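Beneath this line is the structure, given in structure tokens, with notes to follow.
Think of it as A, B, C, D, E and F in the order they're written, each chain with its own count starting at 1.
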């Protein structure tokens, strides 16, 4: 057997395995968000999650993929496998955004935005970072190292979310005068299940992004990537738990999980480049950033029911810069340039698209609908019709 | 002593509670109930079939007050709970013979 | 006939039920309610923000008894439900005009 | 005005509601309660241990009606809710002093 | 290393991976059905799901497998891996059937039927289609192309369900005179979780059915199969969502998920044979068929709480025929013959077996038991004892 | 390509796949336990599960791994992959223990114990059985065959649990005089989901423990291991179901699942050594042992809300001995010696550590806290705040 056949086969299998893990993030996001919102908005949030997977993937298949990579051809593995792997990413950017505006956003305009994100915005970001690179040779050309998308996925989604919050506004009753009304998660087991599925999906996300397992070096790189990914999640969870305990004497599990996710986002830019101890530090800072950022965004009255800004935007930036700080060969300036260029593009293009869509089809559910819950208005059903709601 | 029962819209609970606190009423017992009246339920959808949800969520508040407080309390509730839209709910007043505070054994007006 | 309503702490339900069974009361209707009174709720935490839970879980027991039983019943409830700590709850007694047992159509004292 | 409270079996709710609608009663407030009476609960099983569930699910309906309607209403309820089997439930009638419709401020018979 | 050793090893790994994905369908079906039934029947439905996995698999291990394939021997991969892969299928046919008669069926007779299905009925279908083929040479010999079981699994389960509904009858109170009483799902997050786990399981189901990944061509075939499988799910979801929105202005998530599953069933017969666009069409039609079929079955008073007839039977047939329509080399007549022969066998044999079992042990819970809920009567416990039921 | 490269690559992929399956046991344990405890303790139990994964893994990374294996070096696959695989095990021993003392244990002392378990106790057990073996040459040297940890993982966790119950005591109100108060599970779908995720994780646990798939023999061994693992789970479930039905006429799903888990634990010591029928018997006995042991532990007033003693301790012992009974080459005495030596060490060391921690930081929540629920006291939030609790 030819060695190229061997690598082709093994890498196809490896990428299909990685892709499958990422698809577990679809129920992951769905359960996480369904657990974090109030019962009256659970079906709507779940519908949005399924809609995103269906719509973003289809838009990527029909338009975005070829635009991002310039070609379907692939020498090193089955092109269909590589497509599936890349397709598994695209919905995530919208998930990040939709989660942060849940409990007040209507499905139709979200679906329109999803199409544009899947067909154009996200593929543009991929094009200039991992793909065909139409900026090549211009002064905007990016040399950022971003293995699995701290910037390409997470900050991109985060910037889109920031634009969306500015356009859609906060949940009714969330900030009354200067008081913040706390709106607790409705179903903690779902939150935990969702976060842990995301965690597992991350092994595929980052491991698969190494691109090949079919040499000894690559096998080591993949395994190191997965190990370091996991380690940053561990330390993100630990630091968030400790900080909550020191401050309140209690272990707020939703914050601990957000800390873990923050660590995972932060390590995503360069898990293959670190030794096995650096991710501990990166995750510690990532988890701490989440704990610090959540109340700050609240202070600025940016209402984000799932903490996506703190997890994905803040740590997406931190993680990308961290590669420049901790890895000798990587230029901090290149990393910063990547963060800024992608940030400006993602924010302004999302803002513009959201703004235009909003003219035709209002994103925001009106106050009465929010009061009664989006489930009845958007989906026509209740998530838990037989369970009596407490006061 | 009188018992005041008020059936109100769920999202008015905070307002009514605050209004009552303002006039010194701090003891009450609340439960979620379903109401059936002129206000009709919305229709729901399930796998391609529509149907009407008859019973609407309401909050029932019960509080025991002295006879003199009745008017003040009912006025406060009406003011705080009214939206002017159908389904705002009702208040019922009835007599109570006797009250006992379990913790102390105090009875009647002292136990309100 | 009289209606006795008792609002008690949830974990006292079994004790009160047993105490009532001991004095021959076996019919009652129970529901979960939320209480608001002197006892204040605990504070909860959610992603780095603390807030106070106002309404506390309580159990409301309703039972219809003959007028003669009232004292015995209320004493039994007070004894069984008291912890001596704030929030033990209250008992309210009122009049009932008429009772009907649906199964048999029996009325009033026979239907208790 | 009178308050009619009926404790019935859960699956009879629709029938009773329809029977009441037929005689022109459309306002009512309903809640889920647990009943304890002659009807005994079933036993349940959990990892090799059996235990008895004492309290049975019932529906409590409350409706305020004018004094004249009482007999008609109770008869309608009894007819619709009776299965003849133990645990069919009970109806209690008591006095109401005053009614207020929150939306309009109407009182008493106009507010029923 | 010998090339045959290489393919043996890689395919064993590949098939174990595929098998594992299929096993995720066990919680998939369990959560989907637990979410779709009323809270009072949730524990019973879950018990049935676990019972099916245990009983059908054991029956297949002891009897059905050898009957289906004629031998345990296998040259191309570990025979134990191949067995596990095939074993992962068997329960699915019963899952399809049991889901559709839930909320009224007792566990003991269902377990008896499961044994017969796992030991005889399903293995017979496999025998004549993928296995030893005792019809070989007779005029009944099938040439149907059915990669992963549109007919062999899904319609077979669907026909068994139709027989079961005829014998067991409808849920008490479901059809009163000419009115249909709507009985909504009790737990939407579980429905979504279950459907998404099924979706992921499908990658293993169809991908693994290619049988080998250990050549460049096979690697491509597996990847294309998984991609096309996914695509049909996407378009099934999209079309169901659009149709619901056009008709009701609302997004009924349960229908959207059924649409996705319909698309997945429909593509299952030939995902390796299509280009990457055909599955879009197949899924669109599949999803639309579900939306159309659900009310039709209701009109015929065939009470199917989970929509299994529309998803599995209708789309199992459509998917098998679709191969004959869209693939040049495949004869439509052969496909039709397969559908008809398997259909007649599956329906009549299931009907006969159900009928006989029903003589000894009634399938149907009596009205009082249905009223109180099957959980207490069949399992002795409640699924959510601490949660108060709403009216 | 060199054959050693091939095996290195394929085994790295294989071990990463196995590891990922084991990580699914993290949500598996979390959902199982969240479903089994009362709603007022659900968030606390979930927090403990996340804490264990984070803390035990970190302790193992920093200290335990090197202590257990003597070295990080690995010739046969990527050392990072092998670490991740081993790391996936370590939390399980604490999961077993924490589950059995749930609804009454505080998080801080549990976290302290987790660190000691992950850094010292568990690594010591691994050292003497699978690892560097500091007992080598002494009369205590173990020759026990324990492929995937019937003793090393399951009994070790079980002994730690027994020590913990003795120190922490029973849940308030569980045993009143001589009566046992039954405290039913609060969420059966979560129980089922959790148990099935554990089941799937077991494929990785036992399959991966074969250590290599990269030869025909190893491929067979892995596949046989997974098949036998599954079979014992099937028969454990079946026997528990039958016993419950014979005794009570009802199918108690929580017992059926415990039976399945019992079978899985029991087969874990030697699934690669049995023919395909022996696991049926091992699982039957394992499932029956669970059904018998649950009430016995209750009789001794050892309060174990999730049945972990019966599942893990009893069957860990049974499974280890079973290898000595059913496999000709394996000495029963060696097996027994392993059970006894590990048991004494695990129990006494856990007891001592728990005892000392308990001096500084009480494990037991006081009665009022237990009454109100650990969620509010330990986590500051409720698991299902919008759902009304039934009486």
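Here is the rule we use: a contact is a pair of C-beta atoms (placed from the backbone, for glycine too) under 8 Å apart; a residue touches a chain by one contact, two chains touch by 3 or more.
Model, not experiment: these values are computed from the prediction.
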Separation of chain F from chain B in steps, with touching chains one step apart: 2
Could you check which of D-E, D-F or A-C has the same interface as A-B, with more than half of the contact pairs identical by residue number? D-E
Between the Cα centroids of chain C and chain F the separation in whole angstrom comes to 44
With chain centres defined as C-alpha means, what is the inter-centre distance between chain C and chain E in Å? 51
Rounded Å distance, chain A centre to chain E centre (Cα mean): 33
Sites on chain B at which at least two other chains make contact: 30-32, 34, 44-46, 50, 55, 94-95
Junction residues of chain E, two or more chains touched: 6, 10, 13, 17, 184-185, 187, 193, 248, 250, 252, 254, 379-382, 384, 387-391
State which pairs of chains touch, listing all of them. A-B, A-C, A-E, A-F, B-C, B-D, B-E, C-D, C-F, D-E, D-F, E-F
The chain A residues in contact with chain F across the complex are 3, 6, 10, 13-14, 17, 21, 38-39, 184-189, 192-193, 196-197, 199-200, 203, 207, 213-216, 218-220, 222-224, 226-227, 230-231, 233-235, 237-238, 241, 245, 248, 250-254, 256-257, 260, 276, 280, 384, 387-390
Which residues of chain D touch chain B in their complex? 3, 17, 26-31, 64, 94-103, 105, 111
Over in the complex, which chain C residues touch chain B? Could you list them? 2, 6-8, 31-38, 54-55, 58, 60, 70, 74, 77-78, 81-95
Residues on chain E engaged by chain F in the complex (per definition of touch): 1, 5-6, 8-10, 12-13, 16-17, 20, 23-24, 26-27, 30-31, 34-35, 42-43, 46-47, 49-51, 53-55, 57-58, 61, 77-81, 83-84, 87, 107-108, 187, 190, 193, 377-389
Which of the residues in chain B end up touching chain A in this complex? 10-11, 13, 30, 32, 42-46, 50, 57, 59
